[in-house]
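Letters A, B and C mark the chains as written, and numbering starts fresh at 1 in each.
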């Protein structure tokens, strides 16, 4: 067994380590502001014992799944069930059986743990193991079962119930992501519980804007159920969205979120929008119809944000379910979403011209195309008052990814046009790990500015504090 | 009051600092070659006392304006006048009054000075304050008025007259940027003055090529006035441009400059070009007509450069006046120009095939799309004899921006296919600051090459000298 | 004369040098795995004395030629012959004579050797001079002739015969690149020789897929000769390709290679493919026909790779022969190939959906568009089991280029989805230099991970070993 260590200087460049340490001391104890993520609110509403390690750590984490899958481990061998009994998306070369033994899954994962060398997954997991779970042995094929048992033992104690962890992590606020028609019953339960944790929803109506999808009619029906009325036309549709936003606000929501392939924005006349909605109701909407409708609805979302004060987020550039057979077989979120080149300057021109200088509006942009950081996003954020840049997202939510983000953005937009950190995670147990990593990387970045005499240490302290908590609070109005 | 310091090792990576210092000593005293910029020649023709600090430092600097604007400071609060009395471009939420008290503007600027932490604006300004103006206090809300008074006092002395500063900065040559129809009377005045400073114009005919613009007829009339003839057709137009280039040369011009959205080049037949010109004269030119005409005129500009020996510059990729309401309200150059993705390999194919191997031709390219540095620009410059790469431009005229430029370009194109440094500034007072920063960053880059034993120190010394002065002199034939 | 030194710590960042050294000691003596390159197999089949220095080092190296050409040295002055007697592609300003004196070429090269400061060419050449050829004097105008004579002396000894160098370099396997119709007679000769060196061909059928090229009929005729049958239609064409692949395998081939402008993949029906082939036979294929045919043939190549187990390589994004006059005058591979923006996510969708999860398939991708590393390639390779990423290619086969490659890819795809190193060279003498440089850069990268406590030293040792040899062996099934 090899011992597991978590070095106090980790993620600090050795040549500026002393300054980074100094800066980090000023932020490491600050509360965690979590304005965007995907934790299931049921977890905190029910506050039940967390599931065994494979179900907790391996199966829900698409970072883990995709890496193992890319190296030849079938998802079935990791316990991922087949969506429809295997009719569709039949695996080439025979269907592997779905593993049901969680210990076998954990052993398989441990044997491949070296694949994560140099990745953020490894950094987050080692923190979880060491800091959150108290493990002192490096995970590998030999230690797998022992570590499994140790985790199981811990999870059985009250200190590891979700709310206890929430408090231990010092989470100031945790935002979930919720469909427009969601009942938010778990959020209601949390509000009514004898517990002070702040958990708020975020309004994500994507499914309702994709009028070309076969799933659109079902999404619309859910919306009808949620508002308790039939939605026969575009006007009623807009009213229903306003209604739901207002409901989300009653449960503490401060933001909306919009995932789009391209961040194209364009206002249609009410007549055009109505006509598209009719076409959609008849099930005839084309891909181009969808693109125009989405572009228009982003304008509408911005308009509503001006009115209700909710911060608007756009996550652009993910080509969803690239691996179609896998999607049909195992469902979405299995690691098959791949980025594409993204354009912001022209696509956002109409939205920013309409609302970008409005003091009541706040828009946060996220990209998977790093070429846009310095070319488009920083110049836009360094100009439009309404705009803030979301942190390094997804594949770039990593040590080198965050460094590039800071180095490519700060000189043009400064740090005050950025929105602080998002953990953006489904993996509740990893939240503390992610914030700690982000804070360390930001301290390392600022330490370089200090060491190169680009700023003085007093400025540096101000900056890392803003990056750790203040900018997130401000950008989301928390 | 916090003291202001300018560390002698600033912008040097601590791990290679000693070598960087050594290299910097060899170039810090060299004269400043300024082959591209936007200083108003009237400043040096008239040699009058510089205006008070807000008018000198805040109001003309779009880097300063955009950052303050992006954080909610209306341009009016910084003293920017409304172009047309406020009819057009009415601000949302009521028009703020235009500030007329320069001290109030300065105070506002000082209160927001922290926004520039980690940006090149801060580096330039701190140098201006410390080195050029002799300020020893850090600018903030407390020190603002004291520093204002200190600057005012300095500016009242003869040492701070424009020509005195020009000489103190050791400027070897300063190039301005001038419309094709400009009378160049200030350049003439400088020539005739009892002063040896070399100030030369640069021929920038953009307004004449944009045949789809409502401003084109006025630009054409100005050209007619300048050449003293009516321009009734394409041939006369080309002759007038040749005439003006010759006139610019008599006043020392060595270069032309062309700002384009896309660097598309394509030769039209004379018949096609004439037809487009006719369409333009009738006020009917479309965006596509403009694109074709511009592509053709770039070919013509290259042809003329072969003939008259003037170095041709292309600045590509800026989407001008993205914020239309602001443009209508306050005019251009307020920080609302945003880069777009740019393509060089295919767009320049025709121009480079026609002139790229001609020994009489010299073309310098600038980009706002860093993805093109290593993918297109360095490979092109590392092949075509006529081509040189302009320095990191605009948003990338910064410490990290310049580092990326060197690291992305040198391995493919070497340093001898680059064109040295451009300060590209309107802010006369910042010229010394910008050259100093650029030299330090280049020394830091070369110090890494030495420290990693990729070159020896003798090579390093040769390289930083070339980067500081020789390459600029050579690229522009100065 | 200045002494030439090769520092033992070269290419190591000083701040992590000690760890890098430690890691490098573990890999510097490992054999060289060369799975992709352009060495002429005749060299090893004939094992004759290598030619004089200009013919050996200057004339065949497009990195050297392009840099000298970009700084005004005509290719003729470097001894490059004119393809067609000078009819086509006449140089502007009079044709320079083709230099025939190799010593004059060498002197010219030496006088311009400073142009390569900071480029990988310089690093490779200095290694060749110092380590391979035993030169102890820095190349410049003074030392040129002395070094020329020293090299000549060395080349005359048996230690410098090609096979002796192959063995001295510890080459485990060397892959050449060969047209689909190549007789592979040199490979056969090597097999039959009294020598154990492993030299294997790689199947590159590009010329046969470009149905719009005037050279296509000739390529097809060569294929007919090679298979000994007339190829009257699409079916026979496919059969001939299968036949040739099988033949290549008998001489040890483990891979195919495909150079495309865009990596577009799309399966046509047999009827469509046949129809395109008919059009091509009639000499009527358009650029669009070519694009569709190529897209289909990539699907076919993948299908055949599934069947015969050969690793498929795609090199995308090079715009060939940008400088048309030079191409007509001096032929291809003179430094006039320029990269273009490349798209993988959408273009490869069909191929990856068809074969990306097939355990029998292995695809390696190469790019000249670094923006795709983190945005498209690492996410794709971090998902699809069949996919591996080829090393930093061509303009990026350099110290900083390789660093960017590792930093942009590892956090998303890990190192185990990369394919190790390719020297990709025509310059046999430079092979050891290139592998040494690559290993040093990888050790430097991993040393940073260790120094920042992102991995421990044991992990680091495992990683650099994989990067040096194991990943290449595995990716190519060697």
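Remarks
Everything that follows uses one rule, which is that a residue touches a chain if its C-beta (ideal position, glycine included) is under 8 Å from a C-beta of that chain, and two chains touch if they have at least 3 such contacts.
Just so it is clear, the structure is predicted and the values come from calculations on it, not from any experiment.
Common neighbours of chain B and chain C under the contact definition above: A. Because chain A and chain C share one sequence, their contact can be compared position by position; here under half of the interface residue numbers appear on both sides.
Taking each chain's centre as the mean of its C-alpha atoms, chain A lies 40 Å from chain C. Touching of two or more other chains is recorded for residues 15, 371 of chain B. Chain A meets chain C in the complex at residues 2, 5, 7, 9-15, 66-67, 69-72, 91-93, 114-120, 122-123, 319, 322-326, 335-341, 368-371, 395-396, 398-401.
Interface of chain B with chain C (complex): residues 15-16, 343, 345-346, 349, 352-353, 356-359, 371, 374-376, 378-385, 387, 407-408, 410-417, 446, 449, 451-456, 458-459, 462-463.
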